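I'd like to ask you about the structure that follows.
By letter and in written order, the chains are A, B and C; residue numbering begins at 1 in each of them.
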Amino acid sequence: MSWEPVIGLEVHVHLKTRTKMFCRCPVGFGAAANTQTCPVCLAFPGALPVVNRIAVEWTLKLGLALGCEVAEHAVFSRKNYFYFDNPKGYQISQYDLPFCTNGKVLVPTADGDSVVGIVRAHLEEDAAKTVHIGGRTGRIRGADYSLVDFNRGGTPLVEIVTAPDIGSAEEAKRFLQILRQTITELGISDAEMEKGTLRVDANVSVRPTGSKELRTRTELKNMNSFTFVARGIDAEIARQIALWESGGTVRQETYDFDATTGTLTPHRAKEEADDYRYFPEPDLVPVEPPAELVERLRSELPELPSARIRRLEAELDLERATVLVTGGLDRLWGDAVAAGTEKIAAANVIANNVVGAGLDAAAVSAKELARLVEARERLPRAAFDEAISKLAEPGFSADPYLAQEALSDENQLAPIVARVLEASPGQVEAYRNGKEGLLGFFVGQVMKETQGNANPRVVSELLRAKLK
Amino acid sequence: MAISREEVLRVAKLAQLALTEDEIEQLTDELGKILDAVSVVAELELADVPPTSHPLDLVNVWDEDVPRASLPLEDVLANAPQAENGLFRVPTWRQ
Amino acid sequence: MAPVVDTLRLTAEGAKDLLERGEVTATELRAAYLDAIAERDGELHCFLRTTDSGGDGVPIALKDVISTKGVETTAGSRILAGYVPVFDATVAARVKAAGLGLLGKTNTDEFAMGSSTENSAYGPSRNPWDPSRVPGGSGGGSAAAVTAGLAPWALGSDTGGSIKQPSALCGNVGLRPTYGSVSRYGVVAFASSLDQVGPVAKTVRDVALLYSIIAGRDPLDSTTAELPEAVRLPEGDSLAGIRVGVPTELNEAEGIEPGVKAAVARTIELAEELGAEVGECSLPRSVRYGMPCYYLIAPAEASSNLARYDGVRYGRRADGASYQEMVDQTRDEGLGPEPKRRIMLGTYALSSGYYDAYYGQAQKVRTLIIEEHREALEQFDVLVSPTSPTVAFEIGERAADPLAMYASDLLTIPSCLAGLPGLSIPCGLSEGLPVGLQLIGPQFGENLLFRVGHALEQALEYETVPERWR
C-alpha cells in the first residue's frame, strides 16, 4: 500500500510595526519586563483597543502578494479563552470576516508549479510571554510557579492558513522559503523562525496514494527552523503510516517535535474541544479597505519570488534559481551577469562563497564580484577567499587581488603532487578503484602544501594524469 | 426550557467559575427560567435580516503607528496581587 | 461667616453663579457638600468613598464604574476591592480639566448589573424620598446623591436604563446619551455595544451643561464620533412645531402602574398645551422582543468583558494550588450572584451550538428594533413614555426574583438597543413617589431632547426636594 502525505501549514508572522496592534506601546526586543505596557495591553478595567493602521495596510499588502482577495468588509472578533498570557480573557483576532481570503502561492518544482492555496490571512494580536520557574527544562511541566511579562502581548501578528495542498516535507520547506522571502521583500517582518518572528505549525495527515479522502490530521508545533519543520513532518508521516498499516487509527492530537532527538511528544489530550465563542469585537468598528488603497498596494508589489524563480530557471536550473531567489540573491546575480560574467559560475560563487562569507547582498558591488568570478580559476585560493570576504565593504576594488596569480607552473607543482600521492597510498588505491570523489582530497592536500596559492585547475589536471 | 446540570457545569468551566453546590442548583433553576424568557426571540423569522454589532455606523477608525509612552513599571505593578522582579507571579498551569 | 449653601435646592448652574459672583469659594462649596454627605449619607449610603480633590468649579460625584486615578474604583464589586486605577477614564479627565473637583464615588449595582443598587457588594443605597425603597439602578448612588443634595450633579452609566431609571425613581433628570457620543475609555465595561456614560442633575440645563463637558470623540475609544453640532443649553418654553410620538407598546405595556400612566398622560397633555403636535405611533416588536434581545446581547458581551477579572494583574486574588484553581476561586469568591448569572447566561448564549439561536438571533432582533425606532422618528421628533413601569419599589421586594428585577427596564431597554439618546425628567408623583417621563430622540438629537425637556420642566414646576425634607 502506498501513501501520500497531506500537509497544511499555519504560519504566524510578527509584523515589525513600531507599535502594538491595539495600543501605541512600542514594540521591540530586549526591554525590561513589563516596561512596554499600558492599561490596554494589560487589560486594566475600562481599557479599550484602537487599531494600528499600518498593521492593517501591511496585512492587505501581504494578502495581495499571496494572490488573495481583499475583503470589502472585514471585522475583528473576540476569541475567548483563559490563559496567563491572555490578559483580557480573550484575544482580538478575526473569525468569519478576515482581511484576505482565497489566494495561492506557486512553488516551482521539477514537475511544474505546485499550487498551494492560501485559505486566509488575518490579523490578530500576540500573547504575552510566560516563564515557568522550578521545572526541569523551564517548561510548564513540573514548574512551581509562573511569571508573566506583558511586553510582547499585543504585538501585531498575521496568521496565514494554507489549504492542505502540500504533498511532502520538502515541498513544505520550499513553500516556507518562498513565503519568507515574499514577506521580507515587502518589508513588513524579519520573519526569522529562530527569533520567533515567524512561527510555523503543521497539520499532517496521510492517505492512500491517489485517493481524495482526508483522514484525521494531527498538529505539529514548536519547531524553530524550516529544516526542523520538514523533519518533524517526515517523522509524523512515518508515524501515521506505521499506525495505519498496523491496523490502528490516527487520533486528532497536537505534537511537539524535538529536533535533537527526532521524537514527537503528544500534548496532553484535552477532554473536549475548545469552544472559543467567537463574536464580533464590539469595541472596534469594521474595516472597509478603500479601493484606492488596495489598488495602490497592488501596484506597489514587487515581482514575486515564485515568478522570479521560474524566470531564472530558464537561465540556470530550478535548484540554483530557487536558492538565489529564496536567499534574496537574484538581483545581485542579475547585476553580476550584466557586468559580464558567466551565469552558472556567478550563481555558484554567490550561493556558496558570498553566502558563506555572510555578506549583505545589497552591499556587494556586482561589478567587482563579476571580475572576481571571471578570475577565480587563476587566482590563489587564499586571495580569492579574502577578496570575497571584503566585497561588501564600501569602495571595494578587486584590483589588488587580481594582480596575484595562482601558482600554475607545472614544473613547480609536479613534485608537490607526487609527494602528496606518495603520502596517501590508501586513498590512491581507493581512487583507482573507483572512488573518484577523492580527487578533492588530493587537491586539498596540494593546496595545504602551497598555502592555498596553487591553481586548483592545473593541480586537478596534474593529479588526474598521475592517478591514471 | 430547563437547562441541565451538565450544561451548567460545562458553562461554568468555560467561564472559569468554581460554583458551589448551592450555586449550581440555584443557577440551574434561574438560568432555566431566564432562557425561557429570552428564547422568545426564536419566534421571529429573521433569515434575511442582517445582524447588528454596532448601533453607530462607523468604519475605518484607527491610529497612526506612532509610539506613546508606556506606563512606568511601578504603575504597572501598583495593583498586582503578587509580583517578582518586575513580573506578575501566578501559580502554574495544572497539567 | 461662611455662607449657607442650600445643597438640597442648589442646581449646578446656581452653584456656578455663586462661584462666578464670588459669593462662595470652591473650597466652601465643596465643604458644604461634604457636610451634607456627613449629615445625610449615613442613611442613604450613596457614596462608597468621598474625597476632597480640589478643583475650582462645581464639584461632582462619579459612579464607581468610572476609573479615577489615585482613587479606589470598585464597580460595586468585591473583586475590585482596593483597586486604585493608575489612569483616569476620559470622562473623569474631562471633568477634571473643566475644574469639577471630585466629591466621591457613588454606589452601583455590581458591574452596573441591576435595577435597584441592591446588587452592590457594599450594601444598597436608599431612595431619598423613602429610605425603605430602592433608588433604582444600577446608578442609584448618583441619582440619590443628586436628589439628596449630596452632589450638585453626577455622572452615571447607562446600559439598559441605569441612568434613566434611577433618575425617574429619585425624581431628577438623567440623560442616556447617543451611543458613541461619550467615551467609554476607563469605564469598567459591562456591555460594550450598549454602555454609555451620562449626566445626572436636578435640571435639564444642568444635564446639558455637563453633557457638553464630557461629550465628543475620544481617540482612545474607537466607537466614538464627533458631535455633528455643538451642545445648546435650552431656553424657551414653547413646543410649537415639535411632533411628539406616543408609542402604544411603550405606553400601554403590561405592568405600568396606573399612577405612573396618569402622570405621564397629564404631561403629554401639557406638551400639547405648549404647542406640540402629539400623535400615536407603534414600535410593534421593540417592546415584546426588546428585553429578551437585551438579556442575550448584554450578558454575552459582559461574559467576555468580565473575563479579565482573574486575580492575575489587579484586584482580589484567592489562593489556589494551580492557575486554574486560583482563577476559579478568585472569580467565585469575588463576583456576586448577578454578575455570575449574567456571565453564565452570556457564555451559554455564545457557546458552540447555541450562538445562532441566541446571540446571533438577538443581533438580528436588534436590527429590527433599530429600524422600528428609525421609522417612528421619521414621523415624530421625539417619542415619549414612562421611564419606569412603577415608582420606587421596596428594598428586598424584587431581589430574589431576577426576572421581576429585569422587568424594571422594560421601557428603557428598546431605545438603548437602538443606540438612541433618552432623557428622563420628573413629571409628577404617584403615591407620593416620583414618576419619570422618558423622552427618546434620534441619534445625536440631544439638543432636541434638552429643548423639549426644558420646556416641560418649566411648565411642570416639579419640586426635586423630597417632601420629607421640605
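The working rule: contacts are C-beta pairs under 8 Å (C-beta built on N, C-alpha and C of every residue); 3 or more make two chains touch, one makes a residue touch a chain.
What you see is a predicted model; the values in this text were computed from it and never measured.
K.L.:
Determine the chain that sits nearest the middle of the structure, using the mean of its CA atoms as its centre.
P.N.:
Of the chains present, the most centrally placed is B.
K.L.:
Decide which interface, A-C or B-C, involves more C-beta pairs in contact, and give its chain pair.
P.N.:
Here the pair linked by more C-beta pairs in contact is B-C.
K.L.:
As a quick test, compute the distance in whole Å between the mean CA positions of subunit A and subunit B.
P.N.:
Averaging C-alpha atoms per chain gives centres 38 Å apart.
K.L.:
Rounded to a whole Å, what is the gap between the Cα centroids of subunit B and subunit C?
P.N.:
23
K.L.:
CA centre of subunit A versus CA centre of subunit C: separation in Å?
P.N.:
About 56 Å, centre to centre.
K.L.:
In subunit B, which residues are in touch with two or more of the other chains?
P.N.:
Residues 14, 16, 53-54, 58, 61-63, 71, 76, 88, 90-93.
K.L.:
Please list all residues of subunit C that touch 2 or more other chains.
P.N.:
As it turns out, subunit C has residues touching two or more other chains at 83, 86-87, 193, 219, 222-223, 303, 307, 310, 312-314, 323-324, 327, 347, 351.
K.L.:
At least two other chains touched by the same residue of subunit A: list those residues.
P.N.:
Counting only residues that touch two or more other chains, subunit A contributes 39, 42, 50-51, 80, 82, 84, 146, 148, 275, 277, 282, 284-285.
K.L.:
Could you list, by residue number, the parts of subunit A that touch subunit C in their complex?
P.N.:
By the definition above, subunit A touches subunit C via 39, 42-51, 78, 80, 82, 84, 87-90, 146, 148, 275, 277, 279, 282-285.
K.L.:
List the residues on subunit A that touch subunit B in their complex, please.
P.N.:
Residues of subunit A touching subunit B: 17-19, 23-26, 32-39, 42, 50-56, 75, 80, 82-84, 131-132, 134, 140-141, 143-150, 268, 275, 277, 280, 282, 284-288, 290.
K.L.:
Mind pulling up the subunit B residues that touch subunit C in the complex?
P.N.:
3, 7-8, 10-12, 14-20, 23, 27, 30-31, 33-35, 37-42, 44, 46, 49-56, 58, 61-63, 71, 75-76, 78-82, 88, 90-94
K.L.:
If we count contacts the way the header does, which residues on subunit C are in touch with subunit B in the complex?
P.N.:
For subunit C paired with subunit B, touching residues are 82-84, 86-87, 178-180, 193, 219, 222-223, 225, 285, 288-289, 291-293, 295-296, 303, 307, 310-317, 320-329, 331-332, 335, 337, 340-341, 343-345, 347-349, 351, 357-358, 360-368, 370, 402-403, 417-419, 443.
K.L.:
Which positions of subunit C touch subunit A when the two form their complex?
P.N.:
65-67, 73, 75, 80, 83, 85-87, 89, 184-189, 191-193, 219-223, 300-301, 303-304, 306-308, 310, 312-314, 323-324, 327, 347, 350-352, 355, 359
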